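Before I ask anything, here is the structure I am working with.
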Amino acid sequence: MAANEITQPYPGPGLDTLPKILLHNVRMYPNRDAMREKEFGIWQSWTWTEVADEIERFALGLQARGLKAGDKVLIIGANRPRMYWTIVAAQAVGAIPVPTYKDSVAEEMQYVIEHSEARFVIAEDQEQVDKVLEVKDRCPAVEQIIFDDPRGMKGYDDSFVVDFEAVQAEGADIRAKQPDLFKQMTEQSKGDDISIILYTSGTTGKPKGVVLTFDNVIITSNQVALLDKLTENDEILCYLPIAWVGDHFFVVQAFCAGFCINCPESEETVAADMREIGPTYYFAPPRVFEGLLTNVQIRMEDAAPFKRRMYAYFMDVAKKVGIRKLENQSVGFMDSVKYALGNFLVYGPLKDALGLGRIKLAYTAGEAIGGEIFDFYRSLGINIKQLYGQTESSVFITVQPDGEVYPETVGKPSPGVEVKINDDGEVMYRSPGTFHSYYKNDKATEETKTPDGWVYTGDAGFFMSNGHLRIIDRAKDVGKFNFGKMFAPKHIENKLKFFPHIQEAVTFGDGRDACMAFINIDLGAVGNWAERNNVAYASYQELAAHPEVYNMVKESVEQVNESLLGDELLSHSQISRFLILHKELDADDGELTRTKKVRRKIINERYKPLIEALYNGDDQCFIETEVAFEDGRVAKISGDIKLVDVKTFATDANVAA
Amino acid sequence: MSTQNNGQNDKKVMLDLKNISLSFGGVKAITDISFNIYEGEVRAIIGPNGAGKSSMLNVINGFYHPQEGEIWFNGEQRKGMKPYEIAYQGIARTFQNIALFKGMSVLDNLMTGRFTHMNKNLFYQAMWKGPAEQEEIANREFVEHIIDFLEIQSIRKTPVGRLPYGLQKRVELGRALAAQPKLLLLDEPMAGMNVEEKEDMCRFILDVNDTFGTTIALIEHDMGVVMDISDRVVVLDYGRKIGDGEPNEVRNDQTVIDAYLGVSH
Amino acid sequence: MSADFLYTLEVILNGLMAGVMYSLVALGFVLIFKASGIFNYAQGVMALFAAMTLVGLQSGQIPFAHLINAIFGTDLHHFGWQMPALLAIILTVGVMVLFAIIVEKYILHHLVNQEPIILFMATIGLAYFMEGFGDIMWGSEIKTMDVGIPSGGSFWLEEVTMTWAAEGERYWGMYIDKLDVVATLVALVLVISLTLFSQYTKTGRALRAVADDHQAALSVGISLRTIWVIVWSIAGFVALVAGIMWGSKSGVQFSLSLIALKALPVLMLGGFTSIPGAIIGGLIIGVGEKLFEFAIGSVYLGGATENWFAYVLALVFLVFRPQGLFGEKIIERV
Amino acid sequence: MKFKQIATVALTTLAVSAPVAADLMFPSLSYRTGPYASGGIPFADGYADFFTMLNERDGGIGGEKAVVEECETGFSTPKGVECYEATKNNGALVYQPLSTGITYQLIPKASADGIPVLSSGYGRTASADGTIFPWVFNFPTNYWAGASRIINHIIDNDGALEGKSVALLYHNSGYGKEPIRTLEALAEKHGFNFTKLAVDHPGQEQKSQWLQIRRERPDYLLMWGWGVMNQVAMQEAANIRYPMENFYGIWWSGTELDVLPGMASHGYKAANFSVVGSDFPIYDELQKHVIDKGLAAGDGSSVGSVIYNRGLYAGMVVAEAVRTAQAMHGVSNITPAMMRDGLEALNMNADAYARNGMSGFGPDFQITCEDHGGTQMAIIQEWDGKSQEWKMIGDFEAPDMDVIGPLIQADSEAYAKENDITRRDC
Amino acid sequence: MFYRESGDFKKTYQEDGQTFPIRFDRWRYWVILAIAFLVFPFFMNDYFANAVMIPFLVWAIAALGLNILTGYCGQLSLGTGGFMAVGAYATYKIMTAFPGMDMFSVIILSGFVTAGVGVLFGLPSLRIKGFYLAVATLAAQFFLIWLFNKVPWFYNNSASGQINAPERDIFGIVITGPHATPLATYLFCLIVAVALAWVARNLTRGRLGRSWMAIRDMDIAAEIIGVNPLKAKLSAFAVSSFFVGVAGSLLFSVYLGAAEVTDTFGINVSFMVLFMIIIGGLGSIFGSFVGAAFMVLMPVLLKNILVGGLGWPTDLAAHLEYIIVGGLIIIFLIVEPHGLAQMARVLKEKLRLWPFPH
């Protein structure tokens, strides 16, 4: 595919680093809000001028404390303005910010600190500081910890653990003496300098540090901002981990377009904060959209019959009309009226309740999204689009252009990106966002990036006739049935997960004769159902084993089978048997990644008896597993698990076989 | 953690109770008790049920007036003050049975705690715009820090009646803190709490003592908690003082063991 | 004895009698408040309704005649019988029991565990309802109550006392209304029987249990609903007695419901929960207001002080004893 | 938002239900409920029945149908005002507020709106002065005249009052207080002791007052009572054996309901301005055209009673005034202003009474522009315990105008001054 | 359903603390005010003004006053009628003593006089609580009525003891007396009512209001937090009486034009105002208005339906009115003991959550 031309790489001439863009924005939008954070009950706001001032003082303070160009600055914390300021402040000094996941345990953190050789750590609060202190002995490079929230920090060693404001105060002193120092500092770096290192969670093995240059992130971000016509009037809510490339991408886009970044009060209040802010631009992985939809469905089930009927009726209208309206296709007059009424009665309030009332544009990426989920949002009039990307590409590889949104594809290559499918069916790309390298891991860099700049994505996919890319699965997950047909587990799992009562699913089929499935029920949805139907249960395990629950899941699986029938490539992947796991798959037990992706290898090992039982045709199987609690204790859960057959639907191919 | 910061060298007596006796219609609740509270310390009052602990707190915040004895606060002897006057002196408290203002939100409860720090007159309040609003905002800011401190952001506007017990206790602590007291009296702050809630509460108490430097006097039944968080302990039994000292001393005091620890086991 | 002294004595005696009449109404309040914590403002209207029912039954009035006539254009008035007083009283008691059951079932049952002020308001609503209902049922004209209670001054007493006054003074003997004497006797019997009832019968003990502790009462297997019906029935009966007394005195009509207002200061004085309090409070109020009117009101203040004096007396009293004469001491706990 | 919606509903309901403006509309501010219903019902019945009879018999007045629109006041002043506001735009010709309180409130309102108010035997006595109160009439008599008439009756029958004592037992309200000033003036003139005894609404509790009466034994007792107060007073009077022949009531205390069964009230007297009894031709007409046809306003029990008669009388004078107005202006469908003219030219002579089949029913009088009070004559009636009937004693007689005249003058001038009214020229 | 709250976020405490933090509510509030000030005047006639709007506004002010005392400060009072009488007689005395004074000043002065009397009768509240206090306030009710009935000075020695409002104006517009136009009286009452509602909101949202509510909810805790019960209760009595006095003043001077104390300010007035706040909602300014609307409009509506619509005899209708009002009060209390304001709150929450049930 030919690359689209890049006409305007930067938001303005010479604005090739974030600090430079920051100063530019101060000139452009001195009094517009650049950042807000819900704190102390209100949205504390900083204009671009104020943000620049904060960053300047901090940067000068950091430098005064010995931070040098090329040093790594580890950032651990939630989405708080100071964490973001730290990124830019470090970059201004010429240092490299390394954001990391705040919920990672000490050992995980130790690896990143050690590997990145960070000299400075910026930690949000006492909890994070304690974590760093715990591993400090093994990470001799760390010289200083700077904390944001002074709560409980009184008794700490002042020489090693410093208050963010104290650093800023030092910076302010320097600025008083050298008013132009900061500006001069920002002049030092250029577009091809390293801007940030993002550690990927990695479904396998240790995290890898993806090194991205300013050009990587700024050019990519700017292209998408231009494409989507983002302006300084937009609003976003940053609630995803700051170490995730998506979140960083947001920040860069906010800098490029000059719009405002909003930080939630806490993790628990994200939904409420989202409702208050009403972002116009929104980025969420499919599971967030799934979660929202599940939530909507659960809540609607509790509604009075009248409301339920009204909801069902208007959702039907929306399905018929909504997407057409969104894509500016003609709609009948009566349908328009019905849709307008529906908008008043259902869609409007619904979107508003979800905080999506002002959305101009929403993106989802990271995993495939269920078509039904996708259509649900689009029928409500939310312009949600899929994109395809990864950390290594500074997010964007392909994106769905307006008016060409198909649930099963991830769109066309975004501006400046070239995409091809190699002989193994793996998707490859080359773009301005292509990462610099893996930090201290040349081997991995070489394995992933060809000398001429093409990058292996690790995903299997193909171009459809309309020029859209369709991703089937992780390339290494895609397998083959014994009878030679393709098996794409993720695809089927996603279909299963669309049902509100199914939280997680794992399918098996590679090198086997048929497709089998593990199911995790959604405790919220099923618990709600149990409550309404007076089903008593004491634990997840008990609820999961309930025959009624099995029936419910069985119906869902059969529906999935039926839908698979329509897809030529996958019709033979119908699930023939399944079981409901006695425990929830958990990142703490290593079964999921921190971003809640299934770790197949571990599951294959841990639940081998169950898999075998599925294929053996047993009705029941005993299993014992270890679970880890938050405080580190380990316990065992065991039980007999019921295995169930499911109806499959005959395809022509099957019949022929 | 709290002890390490309380320099034991320059002990300044904040509250001094001298030979206090209190009786209700002939029934002696407190008999000739004397003890003092140093500035900045966490002082625990313990004792079996009916030992006169709550009466002691009630004497300190002026709800009861002892028949005999002297009360010295910050170097001044107190005479016949009403509880609300004592609040103005900088003593705040929580109650054993939660005494929140049920009809108000968490925020309003805490703002009520700021009462002694607000003084705009009726006319300004009737007009609102101007001084009254400014005063309100200034105090709201203070209260918001307490909300943040106690991690009760998400229930800010919830009517307190709807909150679970543990949170209500926390809000009540918040209300007392909002008064920026010099001396904070806590009447069984952890009664009826589960282990996790107790841990939280301990953390808050220590943090309060640590962050704001507030002197704390508390009544508590959970001996483990008392020994952990207090600097000094006074032990009461049948309205008399039977022990006074640092947790370790008290723990090993035979009278105390006999009277209290022995009984409770 | 000087005439002034005798007059004063007369005023006091009459005050005591008036006080008994107040107590009769106050009793109904106390009974209900004790057992259910409800401040039953409708007590006065209950007295009116009971009296109306009694007179209506006695004279063979057709209930709702006016309404029926208005809707169907008929011309109904009376059944044409005259019922003996005793039978009418028994039937009226039955009506009051029915009333109690209806009140419990349709109102109180739905208001369990509400705040006192809400229950209070509900009884005001009930009072309004009953006022309209009674008028529609029995008509709003003044009716004469005649159940055979004597009335008028006692000539015997007048003649006896006439000689007491000092020579040459204008004195015409002591005046005491026979009706008041009867009322006093009835009140006495009522209080004694209520006391006996609550002391020596199972139901009575249950009532006391409820008054002390709802939970405890439930735990010994007494249905709160039954108790409430019983209490309201008794209160209805007391209302009937009050209605008969007041009705004999001033005719049965709308104003009878306003006697509730007379009972309130009595309650303040006597405490909401004490039966002896209601009696003694009534006597104090009765004597107090008559004496004040006699000695000060009509002389210096232009009269008609009785309406407010009782309240002011109760108010002043309460300032010094906030829980009333016999009310349980309010202990504030921290 | 909610209350606005309710308001709208209320307004629309009103619009739908408002009666069509009648040809001759007579609002009746009746009180069939509340503590004084027993007095209010007969009057309202009599008033309504009279017009019903005219409609049935004559097809109305001068060919125009008469419509009586009742509005329940419950004897409450605010409700009365509300009734006035609700009915005044429906073409109301004349208001009879039936309550001194309501009359006081309506005087300025009706004067501003130009609708006549007629308060026969109650209301503001000074409104007899037509130059200050152009829209208010209070013929044939008033409380001051009533008080004077009673005192005159006592003097005429029992001799001079010099050194005697007269007590007034009054309803502690505007109504009850009305005669005080007159009686004080009369006490001065005739040299008797005057004592006031106030009884608070509603009047069930009079023990203190009666004990006082018993102690002080006033020679004569006057009563300005209403409703239950009358019955209780009568009972108490009987109880203390107050001599009934020395006990006088005003017309609102002189009804069948106010006396006791048997001989207990024998000899009790009351002033009145319409006579008692049903021995008049009008009753035949009523029987024929109203009661027999089932058109009676009430249940019939009040027909013939004292207050029913007063209702009839009120209807009759209004009808006469309408006829006068129709004759003056030559139109049958008159306006309130014409009604006023009719009232100001009303001449209630023997012919007029006879015309209505009510010969001797009330005093003769002639209303003029200046004089809105008429001759202010009243009659005394006495309760006969044997026949259980009220009997008229004596005739309609005028009050002591030497005393009342200046009082009216003074009060109307005070009103004029307070409200900045200039005396109109007649 | 109507609520769209996305993007309505607060950046200052001022915004967060405003009376209507939700955009839609704010907007609705202004629409109602606009209707009241700009639309209703065009439809104002005698009946609408005198039977509906003016009584509604006057009673709403009285209800506001009582709500401050009972709803916010928890002091149950049955003396409202008496305090209204104080306002009315103060107005009468001021109007006749200072003929040149404008009506606003008259009304405000009357309010202050009532506030003083209120404080006097509020003194026992320090010792007496709950129903005892309610009954104690009846002493104020009866005593004041008796006083105004008895002492001729209060009614300038008029023969009947009635008081009449002379004609007074403000800026040349006649407000009282028979020549006042419905439009003028309506607007005057409206301005007073809106201004007082605003003041009530201001007082209840701040330090003073919180001290009242603290006393109401838990007086011991309030005292320990620094609230002087004497000051809190007496200030509640003063403010409440001010409002009630203004209502009494308006009732007499603007609405009725004349008054007789026993009849106009009797005990039933006290109960009616209490009904208003119970039905409207204790501790709610909005509730005071709805409660007043309910109690004023309900009888008008019933009368119009029963007498006007169905042609029933007036006495039957009046009795039925009692039954219906009484019955409705009971039903209201059963369905929603916290009044219409609470219903509105629940409804609002439901609409905010719409289409979700929770």
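Here the chain labels run A, B, C, D and E in written order, and each chain numbers its own residues starting at 1.
We adopt the following convention: contacts are C-beta pairs under 8 Å (C-beta built on N, C-alpha and C of every residue); 3 or more make two chains touch, one makes a residue touch a chain.
Here the structure is a predicted model, which is why all the values come from computation and not from measurement.
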{"item": "Subassemblies held together by touching, chain B left out", "value": "one piece"}
{"item": "Central subunit by CA centre of mass proxy", "value": "E"}
{"item": "Remotest chain, chain D as reference, centres from CA atoms", "value": "A"}
{"item": "Taking each chain's C-alpha mean as its centre, the one farthest from chain C", "value": "A"}
{"item": "Higher-contact pair (C-beta pairs counted), B-E versus A-B", "value": "B-E"}
{"item": "Whole-Å gap between the CA centroids of chain A and chain D", "value": "89"}
{"item": "Averaged-CA centre spacing for the pair chain E and chain C, given as whole angstrom", "value": "33"}
{"item": "Euclidean distance of C-alpha centroids - chain C vs chain D, Å", "value": "35"}
{"item": "Shared interface positions of chain B, touching two or more other chains", "value": "63, 95, 99, 140-141"}
{"item": "Junction residues of chain A, two or more chains touched", "value": "41-42"}
{"item": "Per-residue multi-chain contacts in chain C, two or more chains", "value": "66, 135, 140, 302, 304, 307, 334"}
{"item": "Parts of chain D lying in touch with chain C, wherever the complex brings them together", "value": "32-35, 37-38, 41, 172, 196-200, 202-205, 207-209, 211-212, 214-215, 217, 227-228, 231-232, 235, 238-241, 257, 261, 294, 299, 301"}
{"item": "Touching residues (chain side chain E, partner chain C) in the complex", "value": "76, 124, 127-132, 135-136, 138-139, 141-143, 145-146, 149-150, 220, 267, 271, 274-275, 278, 282, 312-313, 315-316, 318-330, 333-334, 337"}
{"item": "Chain E contact footprint on chain A (complex, rising order)", "value": "33, 36, 41-45, 235, 275-278, 296, 299-300, 302-304, 307, 310-311, 344-346, 348-353, 355-358"}
{"item": "Touching residues (chain side chain B, partner chain A) in the complex", "value": "1, 4-5, 107, 140-141, 144-145, 147-149, 153-154, 156, 207, 210-211"}
{"item": "Residue ranges of chain E in contact with chain B within the complex", "value": "12-14, 17, 199, 202-203, 205-208, 210-211, 213-214, 216-218, 220-229, 235, 239, 283"}
